[in-house]
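Pasting the structures in now, so scroll down.
Next come two complexes, and both contain subunit A; in the first it sits with subunit B, in the second with subunit C.
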Partner chain A sequence: MKSLEEVLETWEAVIGLEIHSELTTLNTKMFCGCKLEFGAAPNTHTCPVCLGLPGALPVPNKAAIESIVLAGLATNCDIEKHSMFYRKNYMYPDMAKNFQTTQGPIAFCMRGHLDLDVDGPAAKERYRLDSLEPGESSGNIVRTEDGYRAHVGITRIHMEEDAGKMVHIGGGEGRIAGAKESLVDYNRAGTPLIELVTEPDLRTPEEARLFMQKLRQIYLAIGISDCSMEEGSLRCDGNVSLRRRGSAQFGTKTELKNMNSFKNLHDGLAYEICRQAQVLEEGGVIYQETRHWDPSAKRTIVMRVKETADDYRLFPEPDLAPYDLSDEFIERVRAKLPELPDQKAARYSASFGLSAYDARHLVDHRATADFFDECMALVAAEKDGSKFAKPLANLIINDVTSYLNAHPEVALTDTPLTASRAVGLVRLQSDGAISSKQSKQVFAAIMEEDKDPDIIVEEKGMKQVSDAGAIEAVVDEVLAANPEKVAQFRDGKTGLMGFFVGQCMKAMRGQGNPKVINDLLSQKLS
Partner chain B sequence: MTEHVSQADVRAIAEYARIGLTAEEVVSMTADLNAIIDSLAPITEYDLEGVPPTFHPIGDLSNVMREDKVRGSFTQEVALSNAPKQEDGSFLIPSILGEGGDR
Partner chain C sequence: MTAFGSMGIAQIKAGLAAKEFSASEVAAQTFENIARADEQVHAFLETTEALAQDAAARIDRAIAEGRFGDMGVLAGVPVAFKDNMNLTGTHTTCSSRMLENYVSPYTATCVEKCLQAGALPIGKLNMDEFAFGSSTETSAFGPTRNPWDLERVPGGSSGGSAAAVAAGMVCATLGSDTGGSIRQPGSFCGIVAVKPTYGVVSRYGVVAFGSSLDQVGPFTRSVEDAAFVLNALAGRDPLDCTSQVCDVDFTANLAEGVCGMRIGVVPAFMEAQGLTSEVREKVEDAIAQLKALGAEIVEVDLPHARAAMSAYYVLGPCEAFSNLARFDSVRYGYCDPDHADLGSQYEASRAIGFGAEAKRRIMLGSYLLSSGVYDKYYYPAQQVRTLITQDYTQAYERVDCILTPVSPRTAFKFGEIGDPTEMYLSDMFTISINIAGNGGMSFPVGLGRETGLPVGVQLISPAFKDANMLRVAAALETVYGKAPVAPAFAEEKGAE
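Presenting the complex of A and B:
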């Protein structure tokens, strides 16, 4: 099979996402007062409504409606005042009432968008990005200094409910194939769920991954869900089709499921794009089918093909009154909007002079943004406190992020790195007490030994000597001990500078400030 | 009587509703459903252009919501009390092929 890069030379991938999020931060279910709790004993949070018993009447959870309106406002959607719930009918045991309550043609949130900033090596997945100059635009993207910005439309976000959980027994690994019986737990049935549908505006797996990541940051910031892809409170399906470069017509799309991590989302889409290209190039046909990404086998496999098309017979739910949201309701929700990641990044650039790149990557994760805020608060009272912003950003984006990537099970708040230690560390370097190389060692020691940076520097005898008097004595000694080399240097062998610096460093056991040494050597050798 | 609904339609509707009908029942049900639809014919005599559909027979009711407060749930025993079979606190059902809805 060809590589993604090769495929994207001839084919354009058209990707749309459907993202489901459970509103896990609420207390109760969507239409009944049963408690929301992940991992409770089976069937301990059910009632006539969520078990679909005859005559039970649903009543919507106000906090869930507020949450979806908040999600819509945070993703630039229009809030539809008039909408209603519909029944989506299907017979399957995961929903005891034989229909899912969802929304019809009009959802609470319509016509939104998010802007994605793509940089780094993955920006190259975008076809011929190099042919654009910064500031130039093409289609839905604008070229930026270090990549591009893509405008991704959001079709709608609608309110619905989750189904119960089924465990198939008798088959292999809980899969339906070969199963004889199934166990059903209705604790999750009726969990408030919002589904966001994007326009088919995404063109690369990286854009899809970034969209998902950005949406997750927003949902976490507004506090509507714990967004755990592992526990299934954030789930993503993708639609992919290919078309020849230059063609305006859409190809046949496949739907991809089981992309329950950012990596799986990227890799699943990348595989499916390459698979479709191969089929098409061999003269084959793409069938509209649902495929399942198998991360261990690294391929997508077709799920059971249904003989008949789904007919959900969507009709207005007669048991639920329509909505006619007031301006007051919407404004009350708007007042709850916190600072969103994009706004935070803009503030970092405006208040601390950080580059767009640094600011953006600080807000990639809520934990790192919160940590940066905490650090900056510690130096806020200092006259030139904002000079720490750039070194703190470097520390967080590079050292802290690679530490967290290497220890995925550890949260930043659970590491030995406190805000005051981070500030202490960058302060030591900005005072010239330690070199940038030593700073990395001190960082590693903080994480390893759980001690303050000053103490580590003291204990390890790392303190960099910047005192010109002490360094001058060493420089003089070194020059006196190497009269021939001094003569050669003065004859034009300037490459010997490195030798002199090395000798001074050696004499000072690596603790001399290289800049001071260099300056003194240049001065004395001129 | 006009045929609005065919026997094939009736069989499909019965299938959706998981109702088993005999061949005779399909015949009589088809006649009944067509008669019911015929009885609605007078409505077509009115000019309903621009009249919004009435989805709810509940007047001006809108925005019915409850506070997000936990109310009592069934105990596991009560929840499972009508289940023909159960195991480990769950409903035990015959395996059904398919993947359910598209959530």
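Presenting the complex of A and C:
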């Protein structure tokens, strides 16, 4: 199979996403009072309504309506004041009523968009980006200095209910094929779910991944879902088709499922694009089908062929009155909108002079952004407090993030690193009291020993020595002890500089100011 | 033995208050009477002796402790329920093989409200399967017979509910009405039968047929008793978001008479094809009586009502198709054994579990909602719905209540109507009220000249002004008297 890069030379990939998120931060289900809880014993959070017992009726969860309006406002959607629920009729045991309550042609949120900043390696997937000058636009993208900005349309966000969970026993890998019995757990049935549907505006797997990441940031910022792709509270299906470069006609699309991580989303789409290209180039036909991404085999497999369009016999749900959202309600929800990641990143660049890259990575996670804000608040009163922004951003993006990645079960707020300790650590380095290498050691010690950085530096005797006199003595000693190496250096083997620095550092137990050591060595060796 | 079922609510309560008899006696003798009378009528699918005795014991304790007055509007009154209403621990079969062994794990709000009001729960009543029918002949457990003539149907779908009251087994029952299923059997059995405005009574726990059309209401032999039951039933239920606040005492203005009231009559209905002359005569007589009582008779037009039947047989099956989808053999209901895959288990279970009329409506709904067909039928039906609602709104600018026939004819014989579409015409005068959502009731105005069977007139209120029709009915009651127990069963009662 050809590589993605090769394929995209000839073919344009057209990608649309359907993203489901469970509103996990709500207390109760969409149409009944059952508790929302992941991992409870099977069928313990059920009632006549979510079990679809004869005679049971739905009552909508008002908080869920507020959540979806919040999502719509945060993704630049128009909020439809008048909308209603529909019944989507299909029979499957995980849907107890054998219809799903969802929305019809008019959803609560319509016609939104998100702008994606694509740069670095991610931008390389875009076809012939280099032919554009910064500021120049083509289709839905505008070239930027280090990549491009893509405008991705959102068709709608609608409200629906989740199905229960099927467990198949006796077949291979929990699959239904060959299973002896199938069990249903209705705890998840009726969980409030919002489904966002994008326009087919995405052209590369990276754009799809970035869209998903950005949406996740937004949902986390507005607090409507825990957005766990692993636990399935954030799920993404991709619709992919190919057309020859220059063609306006869409190709036949396949629907891709089981992309339960950002990596799987990217890799699944990339594989499917390459697979379709191969089929087409060999003169084959793409069938409209649902395919399953198998991350271990690194391929997609057919789940279901759609011979005809599904007929869900959608009609207005007579048990639920049409919704009329008042301006007052919408404004009340709007007032609850927090600062969104994009706005926050823009503020970091404008107020603290951070690069777009740093700003964007800080807002990747609500926890790191909140922590950065807390740190900056501590130094806000100082004359040039904003000079701490860059070193704090480095600390958070590098050390803190890798610590959190290594300890996925720990929340930043539960670590020994408080904002004042972070500021203290950064201040020690900017005052020249410790080196950047020592700074990393102190950071590790804070996390390990739960102590303030000053105390750690004191206890470990780590104060950096910057006194030129003291360092000069060490430098002289080192040079005197290695005459042959000094000779080799002077003969042009300048790579030995590292050796001399290392020897000096070793002699000073790592506390020598590396800049001063370097300067003195250069002086004496020239 | 005292036939408590032939008494009215006020009479039973007065006897209890005066300690002439106990609630336990009321319960016990009610079951004895049912055991005898229901052999012929087959109104009951299940009787609930233990539940009734428990409730009676609570009432008797209250009487002994002098708290009878606090026990609610139906304290000590035997009440039975259509078998599409859930009552914890009882079967809720909807007269279908599909639910033959289904036991309710929860109680419908309308049943619960009766229990809260002190009613003694007597049992569950036969009906057309899933309420599809106008004769109770589609019940999977055999038809109910009309107490006035055991060779004839009691009407339907709430045939069991009507027959139990007409035979004096109980003084009040609940039924449900989607296109006439309370009013038509009320008319056939010669009793008072009320379908309140959509939203007055909660539908929670009542197995749905057409969710936008279904409404629960009482069968009684007096207008006052109907008002008592409505007082217990009406009001907003947090579990049914289509239910409405309803702070009305339905007994309040029953004695006010009709002097000065404007009663609408619909000439097109009186000339409708299929309306028998004996029914027309009785309806005309009722109009004359109201006029004599001081009401102003005003002709009104409901120009779109003729499309009601068509709209109904689109909307009803569409909603029924979807509502009945849950009966799939997986969690409950009839499950045909030994199928290798889900699809064939679904198919076989539903093929055996559902009767012919249920299948007909499911298939019709499935077709009407399918892509390409939906736009041709469902939308126009909803438009008709709007037009009919507007017709009523306009008519009520000129009148306080409308009077029409309930059914074009009196009760027919078993098997007499075989063609489903002819059966559907039984509801020609009642359906538009479900379409518009306002209240309608049947009041018995005597026996037809030719058949000697009961004839009811239909009184139709503006939405949420159900008290209007009750007031008119109460005035008619001063002329025609309270509905009697059907003669063959009245003779048996011994006492009185």
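We take it that the second predicted complex is superposed on the first by the 406 of 526 C-alpha atoms of A that agree within 3 Å, B and C clash if a C-alpha of one lies under 4 Å from a C-alpha of the other, contacts with A are read in each partner's own complex, and residues count from 1 in each chain.
Quick note on the criterion: a contact is a pair of C-beta atoms (placed from the backbone, for glycine too) under 8 Å apart; a residue touches a chain by one contact, two chains touch by 3 or more.
The structure displayed is predicted, hence computed values, not measured ones.
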Exercise. Once the shared chain is lined up, is A:93 touching subunit B (first), subunit C (second), both, or neither of them?
Worked result: both
For this session: Have a look at where A:42 lands relative to subunit B and subunit C in the superposition and call it first, second, both or neither.
Result: first
For this session: State whether A:84 touches subunit B only (first), subunit C only (second), both chains, or neither.
Result: first
Exercise. Of subunit B and subunit C, which one contacts the greater number of residues in subunit A?
Worked result: B
Exercise. Touching A:318 in the superposition: subunit B (first), subunit C (second), both, neither?
Worked result: both
For this session: Could you say whether A:52 touches subunit B, subunit C, both of them, or neither, answering first, second, both or neither?
Result: second
Problem set entry | First (subunit B), second (subunit C), both or neither touched by A:170 | first
Exercise. Of the partners subunit B and subunit C, which touch A:383 in the superposed model: first, second, both, neither?
Worked result: neither
Seminar exercise, completed: Residues on subunit A touched by both subunit B and subunit C 51, 59-60, 89, 91, 93, 184, 311, 313, 318, 320-321
For this session: Please name which positions on subunit A make contact with subunit B in the complex.
Result: 20, 26-28, 32-35, 41-47, 51, 59-65, 84, 88-95, 100, 160, 162-163, 167-168, 170-171, 176, 179-186, 193, 195, 235, 237, 290, 303-304, 306, 310-313, 316, 318, 320-326, 329
Exercise. Where on subunit A is subunit C touching in the complex?
Worked result: 48, 51-60, 87, 89, 91, 93, 96-99, 184, 309, 311, 313-315, 318-321
Exercise. What residues on subunit C touch subunit A, complex-wise?
Worked result: 84-86, 92, 94, 99, 102, 105-106, 108, 203-208, 210-212, 238-242, 318-319, 321-322, 325-328, 330-332, 342, 346, 366, 369-371, 374, 378
Seminar exercise, completed: Residue positions on subunit B within touch of subunit A in the complex are 16, 18, 55-58, 61-76, 79-80, 87-103
